[in-house]
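Given below, in the form of structure tokens, are the structures.
Below are two complexes that have subunit A in common, paired first with subunit B and then with subunit C.
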Partner chain A sequence: MIGLGESLIGLIKLGDIVLYLTPTTLTLFLIAVGFTVVMALSRPETQVELVFGMDGYKKSEIPMGEIKFRRYMAIVCGVATAGTMITGDIFDFALFVTLAGIADVGIVAATKKPQVLDAAYQYGMTLMIAGLPLFGAAALILGTTGTLSLHELDTIRVSGVVAVLFILGVLGEIGVAPFYAAKARLFRALGAPYIIMIHVSTLLIIVRTVEIIVTLL
Partner chain B sequence: MDIGELFQIAILLGFASAFIAFLGFVLEKDDVHKLVLTDLIAVLTLMIIACVGTDLAECLILPALVVGVAEVLAFSELAVAKEKTRLGFEEKTQQSPLNIEVLKTSPNIIAIILILYGAVLTGFTGGAVAGLGMLYYLVCRWEGDITKSFWEGVGAVSGVAWCLWIFGFLLFFIAPNLWLLALFLAGGGILVKVASKMGLIGIEGKRSFRSSGGRT
Partner chain C sequence: MEIIRTLLMIPVAFLVGIIFLGLHRKIIARIQGRPGPPIQQELYHLLKFFVKEMTAPETASKPIYFGVVALLIGAWMLGLTVIVNGYNFLILLAVFTMHKLVEHGAGLSSGSPYGKFGGVRSVYSTLAEHPLFAVLAIVYLKTNSLMISDIVAYQSTHGPLLFQFPLCALATYTIMLSKVHHSPLAIVMAKDIVTGYKTEHFGVLRAGILTGESIEIFVLMSLFMLVYIGPAPLWGYALGFILLLVSLSFISALSPMLAPYHSVMFEGSIASVAVLYYLLKGVIL
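Up next, the complex of A and B:
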């Protein structure tokens, strides 16, 4: 019995790295992959603003370079999220979460505006600090149990302090991402629709973290 | 002392240092100093992973190090972009990446240290270290011209060194009792080959870096 998924579909043994498939992780993985494809194919939005006091409107132009960079970062973030969903190794999980976090910073930072770049920079600082509890928790799990494989950790209990560190790490790496996206005021045409990738990755990774915590405790 | 106790003490020390670094981060107001402090925290992460002390921990340090370096690079770029936008810099401003004081004063001593250390190491690692010293010196300080004969001369040295390496390897199989000679032939050969290749990269790098403006 593994975590939330209850029934084990299968094990993929690649040497030391054992991937495991449960209905939960498989569904989450497919959602992440599908959403990445949607992001890669979707077209950017153009914001139209009414001009006050007269019968007219203007379009806010977003440079093509920014859009391309943001789409690339959204795809990287989607791939990292999909990896987070399917991995069976707690250290790989930490690495994928960090990669998704860096890609989220990239999505936020594509716009050359002071308040947006400020928010992205602060998110970056948070992300780097959160690396310590996240990787520290992974190292403590390895040091106390002798394994990193979630499949084996299912039968071993890990102390609550490590779980708290792990949650803190994931929250700092990616849990705060929507907060900084909101702080940068990116939800309208500036970031649309690629900004949604931040929310999807955060949601999916938090669900997966809950599953891992259930497995650990 | 028991190894388990050592592990606990090391982990506690790691987290205590991290706590001090966090305090410093909270008190610091300047953005660039904050970036430096986050790099310190990344190093402490490596220390906590290293506390595990098995060969698996050794494999885990490398990805964690790469993540830390990638983050520092990305966020320093972000800080530069942020400052440029805030100050209203134009995008096309000419800047030489070599126009830093430390790059004019440090190459002599650092190149000597790296080349000597590379010669002691020998082999591929030694070649990379010595070549790095050459690359650093050539990019920062070297003012000479690259003639065709010079280029071909370095290429010829590299080729001869490669032959020495191959000959050393052959000697291992043909005459195993000469293993020490073979070891030195192979190690020295690959040292010279890798170092000369990286030196050529340094010459190329000097040309392309300096032509982008700034220091003459």
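Up next, the complex of A and C:
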């Protein structure tokens, strides 16, 4: 049994990266992998936009070169998110979250819409700033408890201040309020499959963070 | 055994859910002085949609356009499994995540501007709804477990959590309110954007969405009853379900639809107040 009352399905030791599987983390992992596969196999939609001043519409499509780059970044984002779901190490979690954030920016960085690029730039700035509390919290956890393993931290109570720092870091990295309330602007870019990966990574990381915080406290 | 129990509960959850959706419309109509549709109207809708042709806009991203409907039904069946067998609450949070992805995916995948508005509103509302749902995790600090079966067992000896965590209960109630039709918080399927993310999903696909929503309303009400009321006889749960629905219908009938930002601010404020209150009270840290 682990702290949340769940049974441990198994541990996968990959050097210093120790993945652990519980019904919750396995479910989250499968969602991340499932979405990544569907996204990789999907072609983007054609956006229909109304033309103001007349009774007409125009169709917007994504050029193939842009599709390739955005699909690649979305796959990177999916892999990072999947890793975030099953890692059993706080430092690796922080690394995966950061990688997912960078890939999120990459997904929209290839678009040509100025307002989307502006939002991506601001999100990138937030990402960099949030790295300090996130990795700082991981360092403080290691310094005060002597371990980064979530499995071991389950039996050790971590200071509330560290937990708050950790939460602030994750919120900044995934670009949600109170740090960056305009992430939704990113979703105005074309390309539903790739844009949804940003949403997938954000939401799944929130769920995993809740699990980690509950484990730490 | 767990699989059989879940399979048996699927038709029950679906029927109770779809009748409740009809009852919700009926109560709203009566409050507004209209006769309203019959209670089984949503079931008629569903049966009608199931025999319609299945088509997709030529502009749609097909795998996502079709996939989101299967995902919605699958997600809430997983949610039902969690509720019936008392599994970890965090899996329900993952189910809720999938629901938000369905709203987003359905809205964006069709290429329709109305669907896209619904999808983008879904992203905005997620910023408040997700923390609102996650607030329930605070009860772990009292129960030492997030397994729903353990939370119910805790209440059998310590009394309902509704009185110990009223703000958490308010947060979960707000989530339910945001998910019922005609609610002031249901900005993702508001009439000003036709039907939001569902605009371009018609025929069999709309029937699939309605099936998922029926199971969803059952799962959310069950979650509220199990986590905040605890063990009760069957008639107690039935009464609780009806009281919850009537209260939701009253709010939906008497409140105007909030603007998207106001809706998000309202939900976000409840989540923030709940977290700050329990922080100050010393429950969290």
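Everything that follows uses one rule, which is that the second predicted complex is superposed on the first by the 182 of 217 C-alpha atoms of A that agree within 3 Å, B and C clash if a C-alpha of one lies under 4 Å from a C-alpha of the other, contacts with A are read in each partner's own complex, and residues count from 1 in each chain.
The rule is simple: a contact is a pair of C-beta atoms (placed from the backbone, for glycine too) under 8 Å apart; a residue touches a chain by one contact, two chains touch by 3 or more.
This one's a predicted model, so the numbers in the text were calculated from it and none came from an experiment.
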item	value
Contacts of A:Ile75 with subunit B and subunit C, given as first, second, both or neither	neither
Subunit B versus subunit C as contact partner of A:Ile102, first or second or both or neither	first
Between subunit B and subunit C, more extensive residue contact with subunit A	C
Contacts of A:Thr24 with subunit B and subunit C, given as first, second, both or neither	second
Which superposed partner A:Gly143 touches (first subunit B, second subunit C, both, neither)	first
First, second, both or neither for A:Lys112, with subunit B first and subunit C second	first
Which superposed partner A:Phe135 touches (first subunit B, second subunit C, both, neither)	first
First, second, both or neither for A:Leu127, with subunit B first and subunit C second	first
Partner chain(s) touched by A:Pro44 [first = subunit B, second = subunit C, both, neither]	second
Touching residues (chain side subunit B, partner subunit A) in the complex	7, 11, 14-15, 18, 22, 25, 31, 34-35, 38-39, 41-42, 44-45, 48-49, 51-52, 54, 56-57, 60, 63-64, 67-68, 70-72, 74-75, 78-79, 81-82, 85-86
Subunit B-facing residues of subunit A, complex	91, 95, 98-99, 102, 105-106, 109, 112-114, 117-118, 120-121, 124-125, 127-129, 131-132, 135-136, 138-140, 142-143, 148
Residues of subunit C defined as touching subunit A within the complex	58-65, 67, 78, 87-88, 90-91, 93-94, 97-98, 100-101, 104-105, 108-113, 116, 119-120, 123-124, 126-127, 130-131, 134, 137, 140-141, 144-147, 150, 268, 284-285
Contact set on subunit A toward subunit C in their complex	3-6, 22-24, 27-28, 31, 35, 38-39, 41-50, 59, 160, 163-164, 176-177, 181, 183-184, 187-188, 192-193, 195-196, 199-200, 202-204, 206-207, 210-211, 213-214, 217
